[in-house]
Amino acid sequence: MSGTHDTIFEEPDTTQGRLERLGAHAYLIVIALLTAGPYLIMVSISLMGNGWNPVVPPKLIPEAVSLQNYIDVWAGQTALLDQPFSGFFINSLIYAVGATLTVLVVDTLAGYAFARLEFAGRDISFLAVIATLMISPMILFVPLYTWFNQFGLVNTRIGVILPHTFTGFGVFLMRQFIKTLPSDLEDAALIDGCSRFGVFWRVVIPMMKPALVTLGIITFITVWNSFLWPLVLARDSALYNLPVALGFFQGRTSTLWAPLMAATAITLVPMVILFISMQKYYVRGFTIGGIKG
Amino acid sequence: AGGGGSNDGGGSDSGGEGTTTGDSDDVTTIELWRWPHSTEPSNAGEDEIVKLFNEGPGAEQGIRVKQVKNPFGDHQTKVKTAIGSKSAPDIAWTFTEQYYDTAGKDRSTIESEAPYVYIDDYVSDDWLGDFYEKELSDQRAQFGGIVGAPFVSGLQPGLMYLNVDAWEAAGLGEVPTDSWSYEEYLEAVEAMHGVEANGSTVSGVGIGLKDATSSEWSNFPGTIGVTAGSLIGNGYRREDDSYALTMASDPELEAWNEMFGKPLANGWTNNPLSYDYLETQEPFVGGQIGLLHHATFSRVQFGQEADFNWTIIPYPTKGGNENYSVYSAGLGVLVTMTAFKEEVGGNPEAAAEFIKFRNNARNQYRWFNTSSQAIPNKGAYELMNSEGVSDFVEETGGKDIMDRADTAYSEYESVREAIKSRYPDIKTTEDGAPVTNVPTGIASGRVGEALGGMLQRLAQNGNSNPKEAYTQAEGQWADLIVQADDTEFAEESRGYNKPEPKAGPI
Amino acid sequence: MTSDSESESAIYASERSDTRSFSLDSLSLSQQESIEGWLFVLPKLAILLFVIGFPMAFGIYLSFTESTLLNLPGEFVGLENYQWLVNYPVWWTSVKNVLIMSAVKIPTNIFFSFTAALLLREKLKGSNLYRIAFIVPVAGPPVIWAIVWRLMLFSNEGGIANAILLELGAISQYIPFLTNVTYALPSVIMSQIWSFGLSMLIYMAALSGLPSSVMESASMDGANKYQKVRYIIWPLMKPTTLFLVVIQLIEVTKVGFASVFVMTGGGPLNSTMVPSFLVYELAFRYNEFGHASAVAVGMFLITAFIALVLYKPLQSNAEYYQ
Amino acid sequence: MGQLALEHITKEFGEGENHVVAVDDLDIEIEDGEFLILVGPSGCGKSTTLRMIAGLEQPTSGDIVLDGAPVTQRKPKDRNMAMVFQSYALYPHMTARENMSFGLKMTTEMPADEIDERVRNASELMGIEGLLEKKPGELSGGQQQRVALGRAIVRDPEVFLMDEPLSNLDAKLRTTMRTELQDLQQDLDVTTIYVTHDQTEAMTMGDRIAILNDGELQQIGTPAECYQEPANQFVAGFIGSPSMNFFDVALGGGELSTDDFAVTLPESIESALAGHNSEFVLGIRPEEILSGEEAVEHPDSFSVEVNVVEPLGDVTYLYTEFGGSEVTISVDRNTEIKPGDQVTIALPAAEIHVFDRETGNSIVTRGEPTDEEYPAEDLTASETTEA
Amino acid sequence: MGQLALEHITKEFGEGENHVVAVDDLDIEIEDGEFLILVGPSGCGKSTTLRMIAGLEQPTSGDIVLDGAPVTQRKPKDRNMAMVFQSYALYPHMTARENMSFGLKMTTEMPADEIDERVRNASELMGIEGLLEKKPGELSGGQQQRVALGRAIVRDPEVFLMDEPLSNLDAKLRTTMRTELQDLQQDLDVTTIYVTHDQTEAMTMGDRIAILNDGELQQIGTPAECYQEPANQFVAGFIGSPSMNFFDVALGGGELSTDDFAVTLPESIESALAGHNSEFVLGIRPEEILSGEEAVEHPDSFSVEVNVVEPLGDVTYLYTEFGGSEVTISVDRNTEIKPGDQVTIALPAAEIHVFDRETGNSIVTRGEPTDEEYPAEDLTASETTEA
């Protein structure tokens, strides 16, 4: 029941209420300009068909809107990058999907055990998993490359995906979430004759949808946007994902701003759409995940 | 999208999963790691040569080159990761000094410790002979041999581009064609500032430099000095193998004060560090006179169609003295095609085959015709003169710059002699070249940090007191040399105006 | 309040362990459950071990060696690299910078995300647009964010910030945002504080769990809106806030890398150097893998320490309701 | 001081498909110091009514008048009322003391020592002096409840509003708190409106009960009135536990009868029923059904099989089925009856209620024809209910 | 078939500071087909006991024996028991039908049509045939409850375990389900152990009640036994609503007395008390306190002021205070007494309970000295309780 006094503002139809709303809008618009403004400019520049350079004063509004940059980028018709962007897009998709699926499976299993089972070394291994959140990836480049090379994983898609699957965040989230689930259901399933895995698979998993969506989206976006691992492990640009490929537009002696902005938009827009369209699910995941006020 | 036709050349990236195509017939696939050229024709030309190789000599010898293009900014990281993991590419474009610190080391040490091979072990003297002498002699002085094939050339301290319309709108009269002075330069800039030209307002000047802490900075103080008549930049190696630093002994200090010590209106200044971390790519973007300190652009290409008159004018010199040698050819930073050792995963034999092909006079000439970029190969220059150049080169003024480069290269001999006479204690190589390399790779490149730091400090304090800054930077550098195991420092060269500055017309 | 969730989970687990003790085989209860537990975490630990077990051990080992690019791993030198680290002023600059970054970025991020969540909760017209606007920065790669900001706002040539300030007459000369020691760090931080979208979503989730009767109670008690926010909502958001602080602390080191990498390269004069970028510089510019590893380990220890310090109160404050 | 009038207040929510009339033309006068119970099934509009009085919701139409002055447009804090919520709504981050003083700090300029004084008084009254420094999380349900009440008392309001304040407590505590609340209200003599859907609370706590259904007022009166003279079948069924037993009966031959039994009617009732359709609902409370000796002697007696016997200790319920309904019979605690036994029972005409099967309105109450006043009023109510 | 014995089971949790003895040496035999109620205050170990029987917890010591065979080491699924949880624990993602058939699918090789058949039968029994395709989210509380029961029935277990299965329902529905559950258990005749802390359920549903406190068994017996002959003060206070009234009394001059009243003791009681210390607790149930005519005639009568009158409709409670305690008196529903009235009451010696003030053990039960059997057993229990 949401009465009006659950809110902070005055009623909308009083003068004061209107003023307050106006103030709120003003504040929000200013921040929105600072968060999204640069991206609007980015899109604007990407629509300048004849290229863009940092002139003084900066030129922000296209004289004529043109999708030429998008076409060029998508087809790989630029000076610095002659590979079609579609390929990177597909790579990004493959990495994101692959890593997300792996993370979902592996982290949910582990999260369940950390939340519900008692086993020797549990706390230590949980700490180890969490600690992976804090490692600077830079020192891992060379050892990881060397290591993966021995297994033929360098320059393979699996090799690129793998490092994305070791973070601790998912395990942490899943564990928190499972702790909030009523254990009665699992008890009921044990009595109903399920094995431990049966309990997990048939009872726990179906209840975890919000958490799975949350973790899924966050992982998907993280991997989609990931830069360092694909850069290092994809020897060949054919295996690059979008963010790595963006680097191409900055050459040794010049930056192709307009195509770069178009390519950036191609990278960004799907994630914004994903983020926005799924928000009600993962917000729920956060709420239930015990990270509430 | 002009050069699209040759995009498929060299099997650039289409291979995807790698080396499947030729394996059956005993074909060795070697990888060439490079970054993309910034311009399409250059890339097309590059690809074309790779394709020619794969179809021609490569096919004969069972070698196939696969190009891997890395974003420029990430290239070094990728190559180093691969080397560290013993799976280096066979050939890579490198700034050679970034991969191994050669200071104080002789060839045999370098040979056993550096990741790259000496290309002179694999090529004929004949082939080497096509390069301008300076490029070889510089490498010999530094490495005791040739470690990589130079393939792009440039002019130091750089070129100056002028928007003629703006110049005229400011009522500055004749465009300078001969030597002119810093003072005149500054006056012109101030006069041009604020005038209307080509539908926009002229705003200051720009100079393109980059990378605030890069080791490339070690070149900057020295190269600027050239415009004041210094011939050796930052220092030299003495006969007793100790290094003498001349940075704080350069007549360029004065130059610095003239050129950079004075902030221009609107915050524009010639001090490169007051600019963005990224370089200015377009000479006309930042201002209407532009300086480019190196000349990988040996031609000007405009992002927006240049619908105004532009021209290349001489670099201003100290007092407008035309006797000062302004230009020196070659790249301040050594970009070479380097072949890596087998131990780190390379295949130098096969790599050398390609390097030979790619950089022979014929192919350098071929690439010049498509890219219009200056090249350090006199055999190729001869071909330009005998066989003519492409329309593209004509349009973009590439030949003009190549002519300047050739002139500068040919002055090398006399410059060399002048150096030897000014610095009698300078060490010379077997073939008589003075060793003007100073150890910049020392202490893992922290020389760059020290010099970059100095320049940054100057930038922060509005260029005040460069004398102190230079002296301090030289001191730091000297310390690094002293600390390094294999190097010795000529202590008497430490400090302001030690050794005594030597500059003047050749 | 009394039992933090660690001990709670331990109790819980011991309860569970009893559940499993009937053994068809001769295994005891705890053995059986241990096996089950390990089977469940096996895939994760296997990946963990395989992917970074060796590399990390190797990386840590490197921090005790004098390693360079061509000499991996180099000679074992004990704690020499750490001695070097302690005496390396740039390291301390980088630590100081990352602390400043955290000290500025985390509170502002909390402020923006909290206020935005609060306002968007009010069902304003256009909230969806605002939400999209706030989420954009976190949906894309941090590198892009940094590029866009560098170019758009701070670049001298095309910089909008300068253009606008000049137009407004606020300045008469361009401000060298990224190339001056005074401005560089603030500028880098400025660019980072706008990526608060995810925090905002988490706050929104937390706010939606706020019992409306408590808010109404405050209305009855005569609290005006500022008082409600100050005395009721904000204190109730404490667990969420702490969670966000810890997450961001970890995040700062990562976002920090991207912006520094793209915007300043750590300069000028190391004024924007952060440990993660220092690792990169040492390893890939100076080829000093031993030193780089020592920096990485040092930073790991600092982050872990701060996270632990903050994690305790987070845990004990966990739930007000139930 | 605290005389409150709800003048034809109506509250509608939503639009189109979601349109709900939560409160429908409610018109009640509440005396100063009165303890009024609002009772009714879930969703009948109790909370909405209370929230409108508090100012947490705005009525769609109608006015709320406090001591003669309309307060409908006033903000909650300006109405001088205090509310106790079902969930207590204590501020979880504040100590009991802070919870109690918060309102005074927010609304008044009262000096700290006076606030302290008030808090001390209220906490003595509620017996929570020792708990003042604890946070809600450290308190038991009953203690939280007391703090919530203390918080309301401290403000010395003209009206107390309580929305199911006891429903989160367990049965035992509920009983205790119930008496405490009553005592308190008698001591303070503050007008109190108390929402509940527990009819034990309804029966015992207030001066009057207002029974709502579907947003409409069904009856308002003392608990005894509502128990003994329910205005309609809804009230009859709602008030009293176990519920009144109902049977669909037909009138004929001076009897109200089903297949299983008949009740011979006295003249007075028969004539009261005469004007109506011949279909009625007969109601009788479990404790009014005669059994044992008394039943055997009764002319209308008949015999039924007992399904379940529920000895509650102080009283025993028999469950059986006849006349098409499940029937509860209340018998003495010392009964010997076992499930499966046949018992003889009778429905004494003097205790029956008769309702119009269509409108639900009461025609006969405890064997007496209903006064004319009720049906007239309730006819409208019931009709609208069906609409 | 379903004969179950708990042989000295003990369950301890935690270590060091957190060490808890949740169940302490519990020893109970449950007959095949018996309906046993486990009752006691929150935290007394009811759920833990049930969970040990189900196999969800492992006893620290002791054995659980089903039909003569120890099952302590069997997995839950192999014990052939079904459990109904307070939260129902229905699988939210499965329809009612899937919920009910899940256990059979997991544990048996039963063909699909037989499973269907069983589900149909169980759902008919529970009256939920129409709901089989719905998911729990679409069902009301009572319907969910029925599905949960159906799920248990389908498996045709030897033992039903129910952990407060009704506590989530509202009062009305609880009453209905209570009878349904009893009927069901009588029909199926399956050994049932039913945990509750609601003493109405305790009193009415089972064959026997086992009352736990602090993990220890206080008394086990039929509801009537426990109500009428509580073994100790804890049981006396716990069973019955409103609770028994207690007074600290002193023995002297053939009377048990407080400042306010005295109860003249018959010989039998006096001698029973003789062997003890002179400090006792006197207990009497609200309905046994004499009032009105009867009281006036009684020699021990005295007069008290009524504080609160609570007419529940079928019965009326008076609240008053004397002998140092708050006292509830149950009187006829037609009483005219109002708050503030003086009433004459008496405590008939024939109905009093007397407990040892220290051990709490019952010495006199409803005016009769307690059989020797109880004190002996309960002494141990109570002593440990205090420890």
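In this document, chain identifiers A, B, C, D and E correspond to the written order of the chains, with residue numbering beginning at 1 in each.
Definition applied: contacts are C-beta pairs under 8 Å (C-beta built on N, C-alpha and C of every residue); 3 or more make two chains touch, one makes a residue touch a chain.
Since the model is a prediction, treat every value here as computed from it, not as a measurement.
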* To do: Give the chain pair, either A-B or A-C, that is connected by more C-beta contacts.
  => A-C
* Farthest from chain D by Cα centre, which chain is it? Let me know. => B
* Centre to centre, by mean C-alpha position, how many angstrom separate chain A and chain B? -> 40
* Structure fact -> Cα centre of chain A to Cα centre of chain D, whole Å, reads 55
* **Distance between chain centroids, defined by C-alpha means - chain C, chain E (Å)** => 54
* **Junction residues of chain E - those touching two or more other chains** => 55-56, 75-76
* Asked: Hey, what residues on chain C touch two or more of the other chains?
  -> 14, 19, 72, 155, 157, 216, 219, 236, 238, 280, 283-284, 289, 320
* **For chain B, residues that touch 2 or more chains besides their own** => 77, 81, 84, 278, 285-286
* **Of all residues in chain B, those that touch chain A in their complex** => 1, 4, 7, 12-18, 35-40, 43, 68-74, 77-78, 81-82, 84-87, 200, 203, 278-279, 281-282, 285-286, 296-297, 303-305
* Which residues, counting only chain E, touch chain A once they are in their complex? -> 51, 54-56, 75-77, 81-83, 85-87, 89-93, 102-103, 106-107, 155
* Asked: What residues on chain E touch chain D, complex-wise?
  -> 42, 171-172, 175, 179, 182-183, 186, 197-198, 200, 203-204, 223-224, 227, 239-243, 285-287, 307-308, 310-315, 317, 319, 330, 333, 339
* Structure fact -> Seen from chain B, its contact residues with chain C in the complex are 76-77, 80-81, 83-84, 98-100, 113-115, 206, 211-215, 266-268, 273-278, 280, 285-286, 344, 444-446, 452-453, 456-457, 459-460
* Asked: Touching chain E in the complex: which residues of chain A?
  -> 182, 184-185, 187-194, 198, 202-203, 206-207
